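The same chain A turns up in both complexes below, where it pairs with chain B and then with chain C.
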Partner chain A sequence: MAAMKKIVAGIAVIAVVAAAGAGIWAWRTVDTARNAGADDTVALAAFTSTDEAAIARGEYVMRTADCAACHTQGAGEFAGGYEIHTDFGTLVSSNITPDPETGIGAMTERAFFDAVRNGQGSEGLLYPAMPYTAYAKLTDQDMHDLWAYMSTVEPVSNEIDETAGMAFPYNQRLAMLGWNMLYFDKAAFDGDAEGDDRGRYLVDAGGHCSSCHTPRNGLGAEIAENYLQGAKVDGWYAPEITSNPHVGLGESSAEEVAEYLGTGTDGKAMASGPMAEAVAHSLQYLSDDDLLAMSSYLKSVPGSGVTAPAKADLGSPAMTRAALRYEVNCSACHGTRGDGMGDLVPAFDGNHALLSDDPTDLVRVMLTGARAAHTEAKPTGGGMPSFAWKFDDAQIAEVLTYIRNAWSNAGTPVEPATVAAARATLDAREKLAEGY
Partner chain B sequence: MNRREALFSLGAIAATGAAADGARAREMHGYPADMTVDPEMLPRSVIPGGQMRVLTDDADRRTVTAVFDRLIPADDLGPSASEAGCVDFLDAQLAGRFGEGAALYREKPLQQNADDLMQTAQFIATPRERYAAGLKALDAYAQETDGAAFADLQPNRQDEILKGMEDGTISLGEEIHTKAFFELMLQNAREGYFSDPIYGGNRDMAGWKLIGFPGARYDFRLYADRTGEKLDLEPVSLIPKD
Partner chain C sequence: MATNKKADVVVVGLGWAGSLMAEELTRAGLNVVAIDRGPWMDTSTHTPPAVDPDELRWGIRKELFSPPKDNTLTFRNRPDQTAAPQRDFGIFELGGGVGGAGFHWAGMAWRFDPYDFEIRSKTIERYGLGKAEDGELQLQDWGITYDELEPYYDRFERIAGISGKAGNIKGEIQPGGNPFEGPRSRDYPTPELKTLRSMEVFNEATARMGYNPFTIPVANLSQPYVNPLGVSMGACTYCGFCLGFGCGNYSKSSPQACIFPVLMRRPNFSVITESCVIKVNKAEDGKTVTGVTYVDKQGREQVQEGDVVCVTAFQVDSTRLMLTSGIGQPYDHRTQEGTVGRNFSFQTISGTDMWIEGEQMNPFIGAGGLGSQIDDFNADNFDHSDLDFIHGAGMLTLARDGAPISKANKLPEGSPRWGAGFKKAYRDHYQTYTTIFNQGSSMPIKAGYLDLDPNYKDKFGVPLLRITYDYSQSDRNMAKYLMDRAVEVAQEMGAQHITPFNFADKPFTTAIIASDHVIGGTPMGADPKTSVVNPWLQSWDCHNLFVVSASVFPMNSGYNPTGTVGALAIRAAQAIVQDYIPNPGPLVEA
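Entry: the complex of A and B
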């Protein structure tokens, strides 16, 4: 209820703020003067760049920003239709091909800049599910190149109603004016995007890592003081990716993190779920230098204060049962010492992605199974089968607590109620009846 | 995903690989994303002591119980076949695809010399039908020779009849391949006693404890080099109780 009150109070604030929309604050929020360098005369449908170098650079910018992940869904490259489930309703991604009727063919370069960097689209204000909050940091050069690339995309006619799944008041695009006034920092990137600050630039601008890995407040705005410290997102938990040694990247080398980003695994942790998509669609296309710049920056980000808890008592009856369960069901692939199988199966011993206080991902993977990222470098994306049919909630909770505390690990216990809730939410099947 | 889709997706993976041109990065398509287990592939649990589905006739059930408990009687080493749930196991098997003879070739006509050609007895009848006819015939034989139901005979008399069925000296009638029926019951009693408890028999893993079988374990690397040692591995069911 507290969260609901917060939201209602927030809406009231937005309403009041929006009512004062003529104010200077609002004017400053919607002002896009920094995009003045973009052409405002030629529509995308009437333009195809011939600058091969710019097109190639723009494709790379598109990869860093992972546009295809959300704007491609069955109807053709960049033709939109991908559903994004938010706490406020379902948004559908737009068609960003140069089709003049259903895509962005009528946009000029200036309108494109306004949309991507300022969240001002052709149909009104965009929702921050489109990470313009991050893309605001994209440099003019990258934006010009991206425009050149988009001009080479095949137009696809695919009508999208982006807000059909949003109920009042969240379907009011103008409400985003209030949201932007409160939360949108439209300032340009404040460092050397091609030099010393390349890693931070890729993480914060195109990479929009914080969109998933930073927790949000009741109105869906990222909480700055918890930057990259882990957050729930669409039924998954995007773990902390800061220097924190217990649940973050502190114990991994920058090279290991870069390998994970570029291939899907560093031989210990393994990307699955939404991160597997980010690796497959976006990160595997990045250069080694860029990946290393990103991982080096992430390892420099101040972490949360989360520390390792006291190790669970592995001699307890529950952990003794769990150890046998691990040996019988898990060890064939994950190793009798939790050492995994290189690039094929994640290791558990010393895998800090396992140790977050929030066990959402582990519970989910046990219940529904998971498919690891598959990339050109490491094409054999391993598969974890579902164990929902074989174990009840307490059995899953115990074996997860075991892997979080065996070997050199220490993690908070997983509660059976957490597994029960996930089983219901994920619509996973119940355990089969025992035969005796 | 059905088999057809799986084959198509494998083909797609192969095609992706064949098109490799040295690119650093490429999106791979066609991996099956759904990792839940197809319900068709899951075992069907049987809870002992439940409602019979095929052996619904009291006399039939008493007869097969008596036969099973002579084949595997209770003793110091463990429970009898029926105490270990073998009748529940048999009923579940007869109710399903085994009972239907789903894996058997049963097209008519049956050649006169089919048994010789195949070097084993051949049947058009399903195992379910063979039990129905066989158990009635066995009970009728006992009534005729001893004036009592097979289940009510003394154990040593029951053993005599079973031995006669096994060595071919007793015939339960024209319609029954007596020796083959005995062998079918022996096979099913053994299967019930030693199959995973989820199928109704081997209750409390009595059969596995008897012979020291460690159950549905996947990996023995921890023990592979401990040769000549008594390991006393706790047996594990496919659907573990704890």
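Entry: the complex of A and C
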């Protein structure tokens, strides 16, 4: 939710815009006439769909949009309570069960559409932590189906105060109006969501991939010309997922990318951190056809111009040390040839997810360890241990530079200072003393 | 005392048996609560590859084991002696956490021989009644045959990914495998491990002698593998740090590596850790059980009720729980009446250490279960007509590890034991040392049994278990015979220094670790007069109680027990799902 920090940081500035722009511009921003097809008479609590086909489709839409990931946290399915931490306070996800008092039971279908597609909730404007900026692209049919599904969810009474953890002025929902005026494109999806444009639809609407994988400007808005070209998110780096062959998906087949999305790994790269959650909660439930449509689309997206740098000199003293350190500490799992271990341990050789110029993820995993996704198809969820206690900053930097340049790889060197900074930020322990 | 929400099935002990059963039961939709006295332990958090395999910490101080201060017992050789408590690990290498001993085991993954399951019938059939009833032995059949258990051995091997080479597929002998093994439905899921130098020397010598060497089937995987539950495992790196260690790279089969990734995610499964079950609670009519009482982490007594209780603890603990719960009639060695506690057996170990000048065994390359074996002197694979014993031993050489601390004592007789002379001897002989280990069978005796000690109690005030046992004369004769054969093999291997050993030429003791494979106490069988559980491992006394542990073995074979425990666990769990739950009651009429 680093994106949130930028978004909220911009609020103070934008609040002025919001106040000044209370004219036609603001009216256009809040206009939801597009949702007129939704029923505005029956509240969710009073309605339970019996259209089994629509309910099943709606559940699928829920999976594509990954609603459960943020709206389920201990109190019951969709009962809210998931905390999103920012420097400006803590947002808590809402209860979206049909409970009339504490959930969304009082909402009509129209109000539901307004919230999901336009960011206008029952308690005021939503924060873009809720990715209505992407859900705006959801089709009417998918929204009707999602509504049918939500009507079958078990109501749970769980009072949530979403902004209690947000200090003034960040707790002022109206401020989001200004941000929406500047950056919210509420237009409908402009292609054939069920046909030729299915992949783009899934990526841009429910999948909201760009929320993490597209870099944002100073006010937290996605930079269109860098669409899906990689971005820092909440202490991780969401890598480039375009056709770029060096750091993107250019060298992977659409089938491999689809397998990764649906299971957590294609036998080479492996989802971890927030991506492991996206796979486990959402992507593993998608059909093979949809996954293939998404991966085919991603592979068609124009990439950044990042190209492979010259390979590091593996004969240097630093790389010789690193090669030995790799053999002693890493090769038992990752292989002496960097070929990993099937679906259990990621490979390094030819794994382009390692090669981004931004090594945030590699450094983080070395310092804190990581856990692979647990999916129905590949349930192991293997673990990578932390090496913070065992290696100093220079040693971690060297071994990472080594794996980015050994075998067929070529990547920019990792600097010890980068590791030192991450060690501080992540509060990872120092290396144990030696020579006692 | 608090009472938890009732479960469909309560599992006592989450080792191999408990987790295999819990997997079967939860997959069938039953709500299962497992209770384990140890803490949660997992590969990636407790024994990752980032942590050095420290022999002092894991191998010598045995940090993964349950310490004697928490779990011990008393021991004597004969009923006329007073038993004393075992105060060090000795032969007991109990699991210290979830996963049980399956987390730190070496990994030999055998099936028992068809002869074992019908040992009384087949001994009488071939040699006459006198061979089976010599006045001392207490032989009985298991109530099942090898063929009945075969599909469950197969399932266990699939789940654990066992590496080996079949010797007998559906009756057809396979070159390179063990020609004496019972017929298998198919080969092992992964190929056998590589042949290391000590194995090579052993294989060549035994082949020259007309024997049939083969690579021991192991839970140290030869290649990456995905088991039927969808769980991925890695390939063994031959680091050799297996016995006493957790495996950091997911290549040693364990409940953690093979089952927990799936089991722990099931909403109908939960485990209560650091909680020790002290009693299985009987219903008022005494014909069923209602659940268990346990002492939780804070020392409070709690009750976990369940429709079915599965006691899946280690052998001594399963037996003790039956005794402390008052289920079944305790065994009386004077009359041989009663069943709970009978047929305790150990293993009868002999063999020889040897040093072959000029060899480079490179023992630092190894795997926990790896070695070569001949079964020419195991089970009833050789004629015992003119021999004064039954059964035999698996004669094996190990390629397990090069652990420098524990190997320091492995020097030829006459080597200096301190100073520069010791250092030189160790330097000279580290590479030349190897061993032949006869993993000998062990037959129960009428005077060998388990009961509750009248003098010693544990920290909860529960009486300790008492072992009364010594080797039978048959076992002693077998060990001597096998030791002599091992010396012949060592000579053929070209050893200049040969130091034979025979643990059975002295009284049995729990203090010296010849083997850690103890069995019996709640034997299975078709006759309720001589068994505690029926062939489905269901208590004859309380039909909703199942005991699944090496305590159900009525005798011990010349193999490691884990494969057989695993197969029995899967078979019992499937019987609960398919037969017991739809129609609760005795699965076999007494």
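The definition used in the following text is that the second predicted complex is superposed on the first by the 413 of 436 C-alpha atoms of A that agree within 3 Å, B and C clash if a C-alpha of one lies under 4 Å from a C-alpha of the other, contacts with A are read in each partner's own complex, and residues count from 1 in each chain.
Quick note on the criterion: a residue touches a chain if its C-beta (ideal position, glycine included) is under 8 Å from a C-beta of that chain, and two chains touch if they have at least 3 such contacts.
All of these numbers come straight from a predicted model, not from anything done at the bench.
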### Task
Once the structures are superposed on A, label A:L432 by its partner contacts, choosing first (chain B), second (chain C), both or neither.
first
### Message
Let me test your reading of the model: by the given contact rule, A:D343 touches which partner, first (chain B), second (chain C), both or neither?
### Response
second
#### Entry: Dominant contact partner of chain A by residue count, chain C or chain B
B
### Message
Just checking: does A:P379 make contact with chain B only, chain C only, both, or neither of them? Give me first, second, both or neither.
### Response
both
### Task
Determine, under the contact definition given at the top, whether A:R371 touches first (chain B), second (chain C), both, or neither.
both
### Task
Mind working out whether A:R28 is in touch with chain B, chain C, both or neither, as first, second, both or neither?
neither
### Task
Please work out whether A:N329 is in contact with chain B alone, chain C alone, both, or neither, and reply first, second, both or neither.
both
### Query
Which partner does A:K390 contact after superposing on A: first (chain B), second (chain C), both, neither?
both
### Touching both chain B and chain C, residues of chain A
329, 331-332, 369, 371, 374, 376-377, 379, 381, 383-386, 389-390
### Message
Residue numbers of chain B touching chain A in their complex, please.
### Response
17, 20, 23-28, 31-37, 39, 42-43, 45-48, 85, 196-200, 202-205, 216-219, 221-222, 234, 236-242
### Message
Under the stated contact criterion, what part of chain A meets chain B in this complex?
### Response
280-281, 284-285, 321, 324-325, 327-329, 331-332, 336, 368-371, 374-377, 379, 381, 383-386, 388-391, 395, 428-429, 431-436
### Task
Would you mind writing out the residues of chain C in touch with chain A in their complex?
42-45, 48-51, 224, 226, 229-235, 237, 239, 248-250, 261-262, 265
### Message
Which stretch or stretches of chain A touch chain C in the complex?
### Response
329, 331-333, 341-345, 369, 371, 374, 376-387, 389-390
